[in-house]
Amino acid sequence: MPILDIEHLQKSYGDTKILHDINISIDEGDFLVLVGPSGCGKSTLLNCIAGLEPISSGTVRIGGRDVTGVTPKDRDIAMVFQSYALYPTMSVARNITFGMQVRGVDKATQQEKLAEVARQLQIEPLLNRKPGQLSGGQRQRVAMGRALVRDPKLFLFDEPLSNLDAKLRVSMRTEIKKLHQDLNASIVYVTHDQIEAMTLATKIIVMKGGVIQQIGTPAEIYSRPANMFVADFMGSPAMNLIPARAHSEGSSTRIEIERDGTSPLIFIDPTARDLPAEIVLGVRPEDIHEATGATHLPGSAENAGGEVFIEVVEPAGADTFAVTNLGGKPVTARLRAETAVQPKEMFPLAFDLSKLSYFSPEDGSRLN
Amino acid sequence: EPTAEVLHWWTSGSEAKSIAVLQEEFKENGGTWTDMPVAGGGGDAAMTALRARVLAGNAPSAVQLKGPAIQEWYEETGLADISAVAEENGWADVLPAQIADHMKCEGQWCAAPVNVHRVNWIWGNKQILDENGIEMPSTWEEFNAAADKLQEAGITPLAHGGQAWQDATVFETVVLGLGGPEFYKAALVDLDQEALKSDTMKEVFDEMRVLRGYVDDNFSGRDWNLATAMVMNGEAAFQIMGDWAKGEFLAAGKQPGTDFVCAPTPGEGFLYNVDSFAFFNVDGDDKQQGQALLAELIMGPNFQKVFNMNKGSIPARTDVPLDDFDDCAKASNEDMQADSEDGSLLPSFAHGMALRGAQAGAITDVVTAHFNSEMSSEDAVQQLADAVAASM
Amino acid sequence: MEWLERNVPKLVLAPSFVAILVFVYGFIGWTAWVSLTKSKLMPRYEIDGISQYTRLFASPRWDVAMNNLFIFGALFILLSMVIGLVLAIFLDQKIRSEGVLRTIYLYPMALSLIVTGTAWKWILNPGLGIQEMVRGWGFTGFTFDWLIRPEMAIYTVVIAAIWQASGFVMALFLAGLRSVDTEIIRAAQVDGIPTHRIYSAIIIPTMAPIFLSAFIVLAHLAIKAFDLVIALTNGGPGYATDLPATYMYAMAFSRGDLGQAAASAMIMMMVIFAIVVPYLYSELRPRRDH
Amino acid sequence: MTTEKILRWGLFAVLLLFALFYLMPLFVMLTTSLKSLEEIRTGGLLSLPRQLTFQPWIEAWSSACAGTQCEGLRPFFWNSILMAVPAVLISTMVGAINGYVFAQWRFPGANLFFAAILFGCFIPFQVVLMPMARMLGLMGLAGTIPGLIFVHVIYGIGFTTLFFRNYYVTIPQELMRAAKVDGAGFFRIFFSIFLPLSLPIITVSVIWQFTQIWNDFLFGVSFSGAGSQPVTVALNNIVNSTTGVKAYNVDMAAAIIAALPTLFVYVVAGKYFIRGLTAGSVKG
Amino acid sequence: MPILDIEHLQKSYGDTKILHDINISIDEGDFLVLVGPSGCGKSTLLNCIAGLEPISSGTVRIGGRDVTGVTPKDRDIAMVFQSYALYPTMSVARNITFGMQVRGVDKATQQEKLAEVARQLQIEPLLNRKPGQLSGGQRQRVAMGRALVRDPKLFLFDEPLSNLDAKLRVSMRTEIKKLHQDLNASIVYVTHDQIEAMTLATKIIVMKGGVIQQIGTPAEIYSRPANMFVADFMGSPAMNLIPARAHSEGSSTRIEIERDGTSPLIFIDPTARDLPAEIVLGVRPEDIHEATGATHLPGSAENAGGEVFIEVVEPAGADTFAVTNLGGKPVTARLRAETAVQPKEMFPLAFDLSKLSYFSPEDGSRLN
């Protein structure tokens, strides 16, 4: 029995349709991440699940029970908000116990749960402070604590890390992951940070304009994006999307890419079939390597590439990013930190042919 | 036990002391007096409060009201009939007929008079007059001549406060002085269009313009008592004001005849301003008894005497001995009796004795607008007639 | 139960709703009704047509009152804003005694003009107040006699009104100045923009919402101005300083001409409506903040 | 550097000049209240008192006559307090909960209704005087302090609702959503979460309402009865003498005394007033 | 001649000392990045350079000229702010030209410069809009444009990217880098994002509590952090800092690390010398590899490691992060995406010995 089951959910504000025919089903212990650009309806969907917004049509089931008209407090959920939404005038302890108190949980149980959660999140020393006296990361923990004491069927997180700085974000991410594994909780998690999505999810939904673009595991979404939008949205730096021309040559296909300053880059992909003449080629930065020895143009079965003009070089600790220009677009390659690449010079690069994606330039859908 | 709630605007100074006398007597007769004083705007605020009380359905038992307003209220809401008290005490015999008329609503008694103020007084600074060899004027020409003389001597001839009611007070004395009692009655009591548009009225406005020239520059908005102080302090020679001004002189320790002189304004006639209490319909024996008691006390000779000595006016009753009163009051009383007989005892329009509010207001507007601008007499006469017609 | 829970917000508002409906709109309706009758001392309810309005517009005094409202309103609003703005900008220059000065500028708002009216009357009176004082210093030619000149008296009302309200406007602007992002000011400094240009070209234009709030507060004070005139000039000299509010009061309560008062009240209300509705619109338009 | 100094001094001079302008009426009132009547009659009104006397203050407080009652302002002060305190508290409370609904529990038509309430702020009070008197009579509240409280609450709701609504819209919706998920209901959320947050705007509302109600004369004079007249009416009674002698020094002392509570409130809490007033309604 | 030269700069607010004895010197064309945690004084230092805050003592020289008492507008600098600080009531074009107009630059030149900058930043279509109508990234460009038209000796940037979302941040970062290379401008840049610092800088200053911790090239800071603070602060995920014990064994040192569930991990570092008994070992996640074949304990000369218990596994597209627990601290390893690592199981990991750092547990300073 799925812990959360949404069927044909639609949501409009007045005449504006915000969510179009949403269908989702997740199992107990799943960590579902909703990603998508700002304004695509992620928070709205989460609020619909929580019952904070009425839905226009469709059904929402939590733990098998139809909760479509049920108030938030009776849905057996807990929620963590982007701004944390801590009660500013209450102490941390009160913030965490307030919900239990409202539900009439007895004092002793309250204290017990509070202590347990505080230990788990390492916020014991903060219990008497007001939220205003906490740092961003500490607030985040308190908000989590407030959700944890409920022990609900389903946790909902609305961009819980987006107000933290990069460093804290990374470490809180790990903690949330750990929490998920320890509690075997079912979680729906909203973010617009695709790294967060990739690292946390057992299942990802990519949304755009209120429409689901792709549902899948992180690996599926990363390596086989369903369309150019997903390809571009997931991964950082993004997948390079390079306009190219394709010619069928028997069972394989010849690909041609414009290149700055010299003749087009040409290689043969033995696995690609039935491509239209105009395509967009998608390749992740880490699937562009420094070409060595014989793998230059025309490519071997596995690698294909050539000399390209390097515009910018960005060393980034463990990696170095090199940016060139192919098919009129900047293309980023992720190279080892020790690479000899220099800006404003030619440098040999090669694509990993087994990792290429092809998209239709018209509707952006995946072709292979 | 008689009870009475009294709405009035005699709230401070000598007025408060005067009304306190009534309260004392009321208490001595076993009554319970509830005081409801509302001052401001010459009774405007009290009238506002009265309206609210009446609309709310709990009118006070007695209200300081005067002139045609009594009859107006009678028409709107009805007033209590106190004829029994009046007849028992023979009010008709001791009140001048005109004044008695003000107290009756469709033939029955509905109000009791407290006092009679004479409005058309002119007050002078004795010392200045003597120094400049000036007699109290008996015609407006004389007044103008005296004023010119004073002006040459560098003295402000006329102390005046530029408030609409003060302008109107001067205006009505001029109407009376230049037109005589008949004309006054036609113009300001009967609102006869002929009289309002007549040449006499034009002359009145001409005289007003002349008087404007005798007033110092700073008169605007000045309270009447500050104007009185100017006469007292020798900054000005005359003031045209009702007999309440006497109270100011007396309070400053000035003596009539030696420090200041009082005289009727030029011309004939007596303009009165009678304060009175009207009785509203109230429920309950206590209250009705209170009204009767109050009416009786108000007209009682003792109260009439004590009150009016405090306030500077004269008793409404003609049979109160005036031995303890000052000379101005005695003169006033004599004039009242005389004028009452020859029909020149007239209600003051400026103090709401002659006309209903809307009409009196319309006239005041024109008078004050003329006095405070360069408006010509012709225009003023025309506007006066129009305004009166529109307010009917 | 469910129904109750869902409708609590509406139920909570219901008493206010009823109160406003009856005590504001019901009463406006009542006034409209009375304005169509021949009510004198007390309200009467027989409809008589629009004669009160024709009388109103024929009345020279009402003309003066409306004229005064526009002169007074325009000057009062404009000058209060200018003075308020100047004071706010000056106070914003890290003045040491800012707290004290701010309180001094603000205190008139706490006082009713019923209380200060007499003092103002004396101060503006040429024979007692400023004119006399300055002449006393030896400037014998000095004249300041607006109070007694019918064509100028309305300006003294403006002065007293500014005295009362400009401190409040100053406070609004000061808070506005302080809420401007300091980074913008720093950016302008680095950009080489002199202080007066920073104010005139950058800060003041960003305070548009505050100007609007101040305008509404002032407009509302101007239209309701009543105590001010009563205390200072009582409409005089003549009726040169009458305003619609005082006209209405005079008609209703000293003249016993209720129908006329109701008609003037309706016209006042229409003026208010014309000013307030655009404000309400801007206030309630969906905002994208936070 | 020196021109800057000169500029600063000029600026300070302008500020001082304005301060004098604002203080002038208070100065006149204060000096007059400390002079004897004799000195007022003879001397200039704007001059400093030659001989200080506190007699007028004592008289104004405890023995000046307002009608037949000669106990000064003292008894009426109490009336004003009995009227102002409940009226301020009730209108603030009603405004708070209204503002809470308008800001956080929007429903169709709420904006229109809010506009209707706001428009009520602008209605001239002279207009409502007579129908209100009738209503109070019907409700049996005419001439009583509860009646006055009622009137002030009704016409205070507009402003207090505006204050609170503009303040509460700046509180993120997420806070209320969190509380809803926590299971709290309408009143629980209001009392546990919103009210404790409202101190700045409560200050504003209280100061504003207190000033308005304390200084009100029109309602006070129209709807009070004997024995329930507020201090402004008493002040007016003491100050206004139609045909009697005027004691300016007592008048001025009485005026200052009557204004002391509001002055006190402004001087002490004025800072918060400004801060709170701009907290919600104005964004730079 | 250094373009910016700061000597013994001190800055206090009242009694609080915010900046302690700052000494900086950068050359023309340098891209200096100031990093450090929030509140460490980065913005204050930048404001001191700009002349927006008076300094308490010391000197600031720009292009060789002592500007200590000079007003901001005469320092020949341009600045970009975190909130962009665009003039909200002016159009984009006016925002950019307003400074020139005030400085009396003639109309024609203004227009020319505007056009040039607009082209460079690709904001031509936006010139007539108000800032309120722009997205975050567009605002950022306009703010840059306003700085660029000045053509100053020195550019100052105060966290110009921190208000952008992750994706935009990455692409704007590349653009700023390109701009720097194209204009050969001298830049001082504040951020608290160490990735930004690494990718952009030619020189990095790490600050903490108003004190400079380390000055150096990105590579120096990354591979040889001067102390534990820098080690922890730079790099994401951060360098693992593992408490350990050291025993001198002739010319090499034996290192012992506590390990969950089994005996300590022990290996020999042949290059380390003169270490105290208690040390903290620093190792970057990418310097922990999947151990293969013979390199298990005791380690070879280059790699050393053993089986460890894996707590969390986070696949992140190109990489997979595995978290274990060593010396009582969570330790993250960055592995290839295709790794077979599973959570809650033992897995062999090995350190790259040539990349290890050693720190003193007392003062955190570097020991090797």
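In this document, chain identifiers A, B, C, D and E correspond to the written order of the chains, with residue numbering beginning at 1 in each.
Here is the rule we go by: contacts are C-beta pairs under 8 Å (C-beta built on N, C-alpha and C of every residue); 3 or more make two chains touch, one makes a residue touch a chain.
By chain, UniProt protein names: A, E = Carbohydrate ABC transporter ATP-binding protein, CUT1 family; C = Carbohydrate ABC transporter membrane protein 1, CUT1 family; D = Carbohydrate ABC transporter membrane protein 2, CUT1 family.
In this text, all values refer to a predicted model and were calculated from it rather than measured experimentally.
Colleague: If you walk from chain to touching chain, how few steps can bring you from subunit B to subunit E?
Modeller: The fewest steps needed to get from subunit B to subunit E is 2.
Colleague: Can you name the chains that touch subunit A as well as subunit D?
Modeller: none
Colleague: Among the chains, which one keeps its Cα centre farthest from the Cα centre of subunit E?
Modeller: Taking each chain's C-alpha mean as its centre, the farthest from subunit E is B.
Colleague: Tell me the chain pair with the top count of C-beta pairs in contact.
Modeller: C-D
Colleague: So the centre of each chain is just the mean of its C-alpha atoms; given that, what is the distance between subunit A and subunit B in Å?
Modeller: Result: the chain centres lie 91 Å from each other.
Colleague: In angstrom, rounded to a whole number, how far apart do the mean CA points of subunit B and subunit C lie?
Modeller: 37
Colleague: Take the average of all CA coordinates in subunit A, do the same for subunit E, and state the distance between these two points in whole angstrom.
Modeller: 25
Colleague: Would you mind pulling out the distance in Å between where the CA atoms of subunit A average out and where those of subunit C do?
Modeller: Averaging C-alpha atoms per chain gives centres 56 Å apart.
Colleague: Enumerate the residues of subunit A that touch no fewer than two other chains.
Modeller: 71
Colleague: At which residue positions does subunit B touch at least two other chains?
Modeller: Within subunit B, the residues that touch at least two other chains are 41, 45, 48, 51, 55.
Colleague: Which subunit C residues reach two or more other chains?
Modeller: Only 5, 128, 181, 206 qualify.
Colleague: What are all the touching pairs of chains?
Modeller: A-D, A-E, B-C, B-D, C-D, C-E
Colleague: Applying the document's contact rule, which stretches of subunit A touch subunit E when the two form their complex?
Modeller: 38, 165-167, 170, 173-174, 177-178, 181, 192-195, 198-200, 218-219, 222, 233-238, 284-286, 311-312, 314-318, 321, 323, 330, 334, 343
Colleague: Which of the residues in subunit D end up touching subunit B in this complex?
Modeller: Against subunit B, the touching part of subunit D is residues 41-42, 64-70, 129-130, 132-134, 136-138, 142-143, 218, 221-223, 225-227, 233, 236-247.
Colleague: Inside the complex, what are the residues of subunit C that reach subunit E?
Modeller: 181, 183-184, 186-194, 197, 201-202, 205-206, 208
Colleague: Report the residues of subunit D in contact with subunit A in the complex, numbered from low to high.
Modeller: The contact residues of subunit D facing subunit A are 172, 174-175, 177-184, 188, 192-193, 196-197.
Colleague: Would you pull the subunit B residues touching subunit D in the complex into a rising list?
Modeller: 5, 8-17, 19-20, 23, 33-43, 45, 48-49, 51-53, 55-58, 117, 223, 225, 229, 233, 242, 244, 247-248, 251-252, 311-312
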